[in-house]
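Mind having a look at this structure? Questions to follow.
Lettered A, B, C, D, E, F, G and H in written order, each chain numbered from 1.
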Amino acid sequence: MNVTVYLAGEIHSTWRDEIKKKSAALNLPVEFVGPMEDHDRSDNIGEEILGEQPNAVFKDAAASSFNNLRTTVLMQKADLVIALFGEQYKQWNTAMDASAALALDKPVIIIRPEKLHHPLKELSRKANATVENCDQAIKALSYIFE
Amino acid sequence: MNVTVYLAGEIHSTWRDEIKKKSAALNLPVEFVGPMEDHDRSDNIGEEILGEQPNAVFKDAAASSFNNLRTTVLMQKADLVIALFGEQYKQWNTAMDASAALALDKPVIIIRPEKLHHPLKELSRKANATVENCDQAIKALSYIFE
Amino acid sequence: MNVTVYLAGEIHSTWRDEIKKKSAALNLPVEFVGPMEDHDRSDNIGEEILGEQPNAVFKDAAASSFNNLRTTVLMQKADLVIALFGEQYKQWNTAMDASAALALDKPVIIIRPEKLHHPLKELSRKANATVENCDQAIKALSYIFE
Amino acid sequence: MNVTVYLAGEIHSTWRDEIKKKSAALNLPVEFVGPMEDHDRSDNIGEEILGEQPNAVFKDAAASSFNNLRTTVLMQKADLVIALFGEQYKQWNTAMDASAALALDKPVIIIRPEKLHHPLKELSRKANATVENCDQAIKALSYIFE
Amino acid sequence: MNVTVYLAGEIHSTWRDEIKKKSAALNLPVEFVGPMEDHDRSDNIGEEILGEQPNAVFKDAAASSFNNLRTTVLMQKADLVIALFGEQYKQWNTAMDASAALALDKPVIIIRPEKLHHPLKELSRKANATVENCDQAIKALSYIFE
Amino acid sequence: MNVTVYLAGEIHSTWRDEIKKKSAALNLPVEFVGPMEDHDRSDNIGEEILGEQPNAVFKDAAASSFNNLRTTVLMQKADLVIALFGEQYKQWNTAMDASAALALDKPVIIIRPEKLHHPLKELSRKANATVENCDQAIKALSYIFE
Amino acid sequence: MNVTVYLAGEIHSTWRDEIKKKSAALNLPVEFVGPMEDHDRSDNIGEEILGEQPNAVFKDAAASSFNNLRTTVLMQKADLVIALFGEQYKQWNTAMDASAALALDKPVIIIRPEKLHHPLKELSRKANATVENCDQAIKALSYIFE
Amino acid sequence: MNVTVYLAGEIHSTWRDEIKKKSAALNLPVEFVGPMEDHDRSDNIGEEILGEQPNAVFKDAAASSFNNLRTTVLMQKADLVIALFGEQYKQWNTAMDASAALALDKPVIIIRPEKLHHPLKELSRKANATVENCDQAIKALSYIFE
């Protein structure tokens, strides 16, 4: 019984490393996938592949083609999605990924600091579980295999 | 051929009235539905129905039960979703609604000021169309019936 | 915007009448459907249609064919399911109906006395909302149309 | 051809061990998964991960988040569900699991003592097969591979 | 609450008229649809539309295009399928229609003389109910609206 | 029993008028929908709504947003798709519409001159029926209601 | 790229052995599954597991529970279904299996003697391909891997 | 994490070899599948299996049965589709394959020379990404695994 977990959410901190290390320490039978974590590369991938675009909006549109392609392929392989919301940035693509996963019947764990409870209340209520930090998410993940 | 449109997004401005008036002026065969627009009532509906909750997080969880219930019933009736993102607030439930609609194969028009193009790029790329104001959204809606 | 509501659950009390009257008093645009409420007829319908069966187990199997047929046709028409659990009886078919509705993406409101929270905790967590009496369920239903 | 079987139902007896041993004795190519079988841990997992909750209802809500998460991940991996109903307890989550599996087109075998035929009649009629003990369930499972 | 019923099965007897008359006599809110009942026309419709075909096999292939087109459009509109098996003919398209309906989660009532129980046993077990004559089918249909 | 038919395919001839007139002459209970038939408007709709685009490729991308939006809303309402292929133009969006309809289980009738049989052979084999002219398509449509 | 093929249809001849041998001779990467081929065991499996039933109809109902369970588990694993119709017997379960597979988007090859073309015309038209013997079916299967 | 990619589109050039070589050079964990690339064999496979057909249209119909069978089995195994449009031929089956993949939620990359932007604009807008050559497609594919 192997489980693939998509790690959605912010790419400016090292939370994915923390999750992966703690999962490995517990020998959980989990393979992690997720978005491009190099923020610059994620922003530039459209122009890198298609060449220079007319302006910043079109540059973004081009980049998002390839970011969505990556997410779609990998999330369709996932059995579970963990989505982390931090206090900075709009993070609408995190909400998009978590919501798409739920609509496709993939279980979702949300990690968010308690202070974000109000703007996340509807998404939290739809998610299978909401926790406040990576340690709690690992306990939830580990509980599946106990 | 009647079409039901769910108007997702911010509830602090009068954009829904603008959309409804302009649609009516064009005699579009459209019925509009959407979330509770009275912000206080939307925040308090959980305690109003279930009584006082232990703290603000549980108050939010209770409210979101009924907000999600409303959204789910009405969005399942919708043939099209128009989602407006403004410059204020986190608006993660707007992203959640738009993404859920897309995952369920319901067409989505996003309205957002151009300056929000970067954080919305992945969701915009998935949406059927992205416009910058209500007039453009009405033109897109009207085009369906011409 | 008319909504069809399936009223699942116990057929030994008059809770459906209470729901219907209160909905009518509020002029909610709702049509209610539900199971056969005459308990004896529900138990005997198999033999009534197919004739005498070899024993009580086969009598039950025959009856459940027609009860499930009715439920399936009517629940597929429903936009929302309200399921009431009382303190008596096993009520596994109530749990079955609520769970099937959720698996088919139909929103579910559970009504149960607080004292049943423990055995219903997993189903309550999956349901869109859980309330304790018909008045609260009517408030939840009414909130959809405000 | 390997088959994954989810063993839903009561966690107060050793029926899962019986099923697993008899399956192993027959060298069936089956992997078994199921819920947390330590009842106390299943009841406490919410507080264990999220900390103390305001009261017993919220404690249950928290626990059910993680119990449902586990069930959802594992049942989505399952090719077949065996659900055992005993004479004690409400077992609404067993009915919930069996019904969700059926709604998702996963085949279900119900094990129940004959005396429970009446309250289980509608669920039995929907299930692929109903038997009375683990030996019969093993014969049904074994028949798939003969 | 109106219900559309597709009447699948043999087109050499008048069973559809019997069903329709008895339904009308009970004022059931049911609209009936079904296949072309003029057998010759059903066999010739391919050549009638496309012109003469090279041989009997191709004539059949052409006819079945239009027969399947009709069935697909009408059955997708149906809430319920009643399929009658008689003692003559292969009736594989009746089995095809009933099985397709079941796979698409449309409830199915099978009408068959008891003597056909053996060859129909697997399909009967999948159907929601199996009866032996039109009167019983009408009782089952009527029970949905009581 | 009303049926909605989406008329996909070339917008340079008057075949839709022919279909509509002949359907009306037969009093078929059919409502027809379809793409924008004013070719220039279909090509310019993106710039009309969003303003001038950087070049012809981006102008096309903008136009296709709104053309696909229209098609998606209307085709989801359709019970049947008739797709006409003529001898001119690439008509890849006709193939796209017919294939999407088939993948979504909507029945499809293809109209094409016999000389196009080779490049259309795979799509014809998937379609419910292939005919050579509007008269034959009307006969097929009419056959559904006889 | 391994492919699982369900071999539906008559269990009175050795056609499955022929298919398996010819596939093995070509080293096709195919695993074959199918129904219980011992006809008596298939008829008796219900009583074997559940004990003596009241009469032949109930014996059949019991047996079909376990036959359908086996078919459902194995066909859900299949990438392709080959269904053989012979000249004897009603074979309604063969039509049921082929039709269920098609409704679930599983490709189907039908094998039937040409003389059965008329009663099988609608099912043949829905199937991906119809051939007349095992050699042709093997060529079709082999073509997938060339 | 292995990914299966279906290479749809023209079979008259060596673009599949280019994609496969470049993928191998990058050690991407990808298995490629696709249609029969021997054009004559693809056109003749119907008569090869079923024998001589009455005329060219029926020969095409027979061939397309087996070509569609192959495509259906292999595309259902695919996680991603790359579809190449060249300047010659109608290529309606390429549009059919790309559109079916999109309707089934399989991500699609289109490769087309810029000059084809106009006739492909609606399909490009639906695809996850559109590029102009195999090098760009490989960069997009490689980006999924970085």
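Descriptive notes on the structure:
The definition used in the following text is that a contact is a pair of C-beta atoms (placed from the backbone, for glycine too) under 8 Å apart; a residue touches a chain by one contact, two chains touch by 3 or more.
For each chain, UniProt lists the protein as follows: A, B, C, D, E, F, G, H = YtoQ family protein.
Since the model is a prediction, treat every value here as computed from it, not as a measurement.
Chains that touch both chain F (YtoQ family protein) and chain G (YtoQ family protein): E, H. If you match contact pairs by residue number, over half of those in G-H turn up again in just one of A-F, C-E or B-D, and that pair is C-E. Computed from the mean C-alpha positions, the centre of chain A (YtoQ family protein) lies at a distance of 23 Å from the centre of chain B (YtoQ family protein).
Put simply, the C-alpha centre of chain E (YtoQ family protein) and that of chain F (YtoQ family protein) have 31 angstrom between them.
Centroids built from CA atoms put chain G (YtoQ family protein) at 39 Å from chain C (YtoQ family protein).
Across the assembly, chain G (YtoQ family protein) contributes residues 65, 68 that each touch 2 or more other chains. Checking each pair of chains for touch leaves A-B, A-D, A-F, A-H, B-C, B-D, B-F, C-D, C-E, C-G, D-G, E-F, E-G, E-H, F-H, G-H.
Within the complex, the chain B (YtoQ family protein) residues that touch chain A (YtoQ family protein) are 56-57, 60-61, 63-65, 67-68, 71, 85, 89-93, 95-100, 102-104, 114, 116-126.
Touching chain H (YtoQ family protein) in their complex are the following residues of chain E (YtoQ family protein): 54-55, 58. On the side of chain H (YtoQ family protein), the complex with chain A (YtoQ family protein) involves touching residues 1, 3, 79-80, 105, 107, 109, 128-132, 136, 139-140, 143-144, 146. Partner chain G (YtoQ family protein) is touched in their complex by these residues of chain H (YtoQ family protein): 4, 31, 33, 36, 41, 45, 48-50, 65-66, 68-70, 72-74, 76-77.
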